[in-house]
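First chain A sits with chain B, and in the next complex the same chain sits with chain C.
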Partner chain A sequence: MTGKAAALGREPGLGGLAIGAVLSVLVLVWVGSDGYRQTLVTAAATYALVALGMYVPYLMAGSLSMAYGAYAGIGGYAVGLLSTKTSLPLVLAWLLGPAAAALVAVLLGLVTRRLSGFFLAAVTLLFGMAFTAFLVDAESVSGGSGGLGNLRELNILGWTPSHYQVVVGSVVVVCVIAFLLDRARLSAWGVIVRTMRDAPRAVEASGVRVPVMNLVALALGAAIAAIGGGLFTYSAGSVTPDTFTLNIVFLAIFMPLIGGGGTPWGAVAGAAIAVELTLNFPAIETSGTLVLALGVLVILLIAPRGVIGYADQLRRRGWALSRRGRDG
Partner chain B sequence: MAEDSLLHGRGLIKRYGGVTALDDVSFHLDAGEILGLVGPNGAGKTTLVDLISGAQAATAGELVLRGGKLSGPASRRARAGLGRTFQYPQLALELTVRDNLLLGRAARRHATIWRMAAGAVLGALRPHPPADREAVEALAGELGLDGLDRLAGDLTLGEQRLVEVGRALGQDPVVMLLDEPFAGSDAQGVLGIAEVIRTVQRRGHAVILVDHNVDLVADLVDRIMLLDRGRVVFDGDPRECLASPQMQVVYFGSPPEAEELDQETGQIGQEAQDVRS
Partner chain C sequence: MTELQLWLSALEMGCFFGMLALAYYLVLVGAGFFNFAIGPYAMMGGLCTSWLVIEYDMGVWSAAAIAVGATVVLAALTELLVVRPVQRRSGGGELPALVAVAAVLFAIQQFAGYVFGHPTLPGQSLATFDPVTIGPATLQPSALLLVVVTAVAFVAIALWIRYTRTGRLLRAVGDSTHAAGLLGLPVNRVRLVAFLIAGVLAAVTGLLFAPKAGVNSLSGLSWSVSGFLAVVVGGTGSVWAPLVGGLLLGAVEVFVPYYFGGQSHVYGLLLVALLFFAFRPQGLFVRMVRA
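Moving on, here comes the complex of A and B:
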């Protein structure tokens, strides 16, 4: 794929962006002024950003950190704190939140640098739980279990975006980050990170310090998840310790697998499917997670490489059939 | 030992608990030289390569490359000028041959944490700089590697070894460490890899070549170092090594009989060698 794109002189990642942009426009048209649909899309964008954050260390570098609820929470509380405790421009929260989340990810990565697999997942899971407990206890900072509410509205040089514009902004941010990650995945940097998953000794022997690159991947992923947390908090108008629980992490693990295709767009597609199945599926209302579990099973049975992988397979088959038809 | 050599090691010891894998090993490698490292299983060949490359830490001893102390993790030593291949090829099997070759070239641009972070941004902005593309294709051409868009997991073992050599050459190393590059290859593959080793030498790289196949190594190298149970038992001319009593003891377990020794050189005679083989 990399080589072919290069050989054809095409800009890598543009195909994914084009499809993502078209689908996004269709979704935004479907949303319109419907408040419930706007909430659904904001939730999907948040899930997508958490899943995109996890994509970098988990699917590219092969390191399963489960602290992404905490990173999204840091982004969310950055918006909440800046809004309620300071008079600083609120837009700064999307700089400070991701920076703080990246710093925490680096510190946690340093502490857990000798762990991998199950033990890394277990320790980072504990960290996520401890973070939630901290938010409940640190009442003077976080507002305790009631969280932070009555948040200020964004004011960018006198312009305050409407709720629909925030939804559009969320979708645009998801598309831009997925596009940039896709290009980074195909670049030399991406080759190094992806080789770390299967052949870390080769990366080390080539001159890249694997534990340090792992920290960079963790920091990048945490920053992306924090952007999502900030968007969700702003859109909801409040944040509590229960806003970013472990649920979101478990869902985010499955999203790239459902979406598949080995690209960041798979995480985005997976997030859209997860939100549809858990929150908008016309079945028994309280059984969203059960529907998602069944949906994941069905999707992975029919399409082990995820929805995008399956669509790609169909496209290739159709292309081969049409060529055979032309030749015959 | 030549202190002014390109790479030298002095008093290298590696112990695993009570087991001594390398026992006071010293060696040197001159610029442009191919040094063969031979010995039976468990002799300590791969351990020595691991100590040099930094994959394992030595219990004692020191290494010097181009007059500077060689220490720290494998990544630092790679940047100092060491390239290596592995006994079992270490490739990203889900990536293409092109991407695996690119790793060697790209790694030098990601030496520090800031460069790694900047690499993500630059990669997103400009995924395929033409210089990278051209360098990888030139390297592949030199090694006779085609089908750069094939997945590394679809390659034969011999082809995977070639990709590893190419990846290491991409680093433009001063010294190449080739750990059993012929293992698992058929006759055709052995010839191909032997030709690649000659190419590596023609490019001016010094090479440490590790393998079981003593005859093959002797044909390719300038000097041989024979290891047995963690100690150097012979260091010198390849032909002399093949005919040496040490070789007989290491590989056949018994010293040559007096009548098998050449009266002038003290080494085992050709006739006796033929009988033993």
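Moving on, here comes the complex of A and C:
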């Protein structure tokens, strides 16, 4: 679809951005001053950022790393530490956190550079568990299992955003990152990374260093997840070792599948659906996650391109029908 | 805590990991992939038994039988409804199968949490005799049972793979699925058998191990990781390799926290994993193939 759009002379990625922006505005209008809905949207934005972070190495480069709970945690603890232990401007946390997460991702990527598939998934999972254990153990730094609370409010040159403004800000960040990733996907770099997934030898043979590109993808993904972790921590006002659990990692693997792996917006759509099912589904409250898990299995089996892929297919069929109607 | 007591504890953990690893090994040989749902199968075996006994006052043996049966059904469904269609569609790519099995793992966890509840339930012991005293140490009946069952299971599987028709078929399929298919061997049936036996092994292991620390719906994930590591450490060169890997890992799991305290066993496991992946990714035992 996007390829055709580019051929028509339109800027690639703008279509997705337009739809995403319109839906975001609708969601923000629906939220209004309702505190519960604000929490829901914040959670959705966090999920979306973690899922977008995973999108780069996983759906583009084809390596499934499960350390994303740790990366989001690093972002969250950056906000917590900067807020409680220093008097630096809090905005810096969104620079330092993602940078630290990217660094950790590169180090972990170097150690595991020979691994792929099941082996990579298992080691990164173990790393996530070890990181949680470390947060509990390192009480003097991380506050132990109690975590860090009583965080400062953001103060940007004397302006303190209200809770609603933070929600709007998170949604804007999600849209911008999804748009940028969509553009990156279609850029020369994105083409290389995606080819690397399917034919690493061909890419290596044409002079691109696959391991380096893989590290770049991992670092980028970790940084994006850390931004999400920071946002969530700031909105919640505290962070503990249990804030970013393995549950989030699993949900983040499934979100792009639910939404559709063809575009980063699929991850955003998947995050919205996941939050709706797990947090805002009063009829079967306790089993929302079960419905989600079974839904993922069904989608994997019958609609491998996800909700957006399915909608796109319907749209194309509609086009074809209407065109036939005009011609006949 | 005497040295001997620690070694017995390590033996128990090792047998537990070794049994999980054996279940991994069978599916790996038969279907060529790591079934990460092994841990949740074991969780189902333990949790379902405890739940039936506690909620419905059922006898331990009948509860255990039902739990094992339910787990075997889950294992069969995993293969028939999820893994086989996904692998057929993706044409042997590893990532789709990995994601599918992650979804299965997550779904079983959520299902167990929904049906059996989220709190940790105490494990039910099948053995009712008194603890056995060995010098200064004691061996709990459930631990003794686990060790005995592990020994029996490994011997039985080794004999089965070596001497029975289905066992030889399993090796043939494991060596080359393609060639086995060309020869007209029942590849799909053999795969299913591998899944079923893995399900039985995992469920029995889970319910035998549950008395040690209880079991809850989220236990499965870390069990999956431990069993997988035992396979990685042991290698896939022989049926006994998973047991060796499991025993080594059991020693790490018991002795590292004893000397370094706290949650250091998680770091220990990560370190073992990284060391093996860096220096001996093929594991301790490798099969020599005559070319």
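What we mean here is this: the second predicted complex is superposed on the first by the 313 of 328 C-alpha atoms of A that agree within 3 Å, B and C clash if a C-alpha of one lies under 4 Å from a C-alpha of the other, contacts with A are read in each partner's own complex, and residues count from 1 in each chain.
Note that contacts are C-beta pairs under 8 Å (C-beta built on N, C-alpha and C of every residue); 3 or more make two chains touch, one makes a residue touch a chain.
This structure is a prediction, so every number in the text was calculated from the model and none was measured.
After alignment on the shared chain A, the placement of chain B and chain C results in a side-by-side fit free of clashes. Legend: residue contacts after superposition of the two complexes on their common chain; A:G16 is shown touching neither chain B nor chain C.
In the overlay built on the shared chain, the residue A:A130 is in contact with chain C alone; chain B does not reach it. When the shared chain is aligned, chain C comes close enough to touch A:A121, but chain B does not. When the two complexes are overlaid on their common chain A, residue A:G73 makes contact with neither chain B nor chain C. Of the two partner chains placed by the overlay, only chain C lies in contact with A:G62; chain B stays clear of it.
Of the two partner chains, chain C is the only one that A:L257 touches; chain B does not reach it. With both structures placed on the common chain, the touch criterion links A:V111 to chain C but leaves chain B unconnected. The superposition of the two structures on chain A yields an angle of 80 degrees at the Cα centre of chain A, opening toward chain B and chain C, reported in steps of 10.
Least inter-chain distance for chain B and chain C in the combined superposition, rounded to the nearest angstrom, is 10, based on C-alpha atoms.
The residues of chain A lying in touch with chain B in their complex are 1-6, 12-13, 180-181, 183-184, 186-192, 194-195, 197-199, 201-210, 212-213, 215-216, 219-220. Touching chain C in their complex are the following residues of chain A: 62, 64, 111-112, 114-119, 121-123, 125-127, 129-130, 133-134, 136-137, 246, 250, 253-254, 257, 286-287, 289-290, 292-294, 296-297, 300-301, 304.
In the complex of the two chains, the chain B residues touching chain A come out as 53, 55, 73-76, 78-79, 82-84, 86, 90-96, 98-100, 102-111, 113, 116-117, 119-129, 132-133, 148-149, 164, 167-168, 171.
By the touch criterion stated above, chain C contacts chain A in their complex at residues 33-34, 36, 81-82, 85-86, 89, 94-96, 98-100, 102-107, 109-111, 113-114, 221-222, 225, 228-229, 232, 262-263, 266-267, 269-270, 273-274, 277-278, 281.
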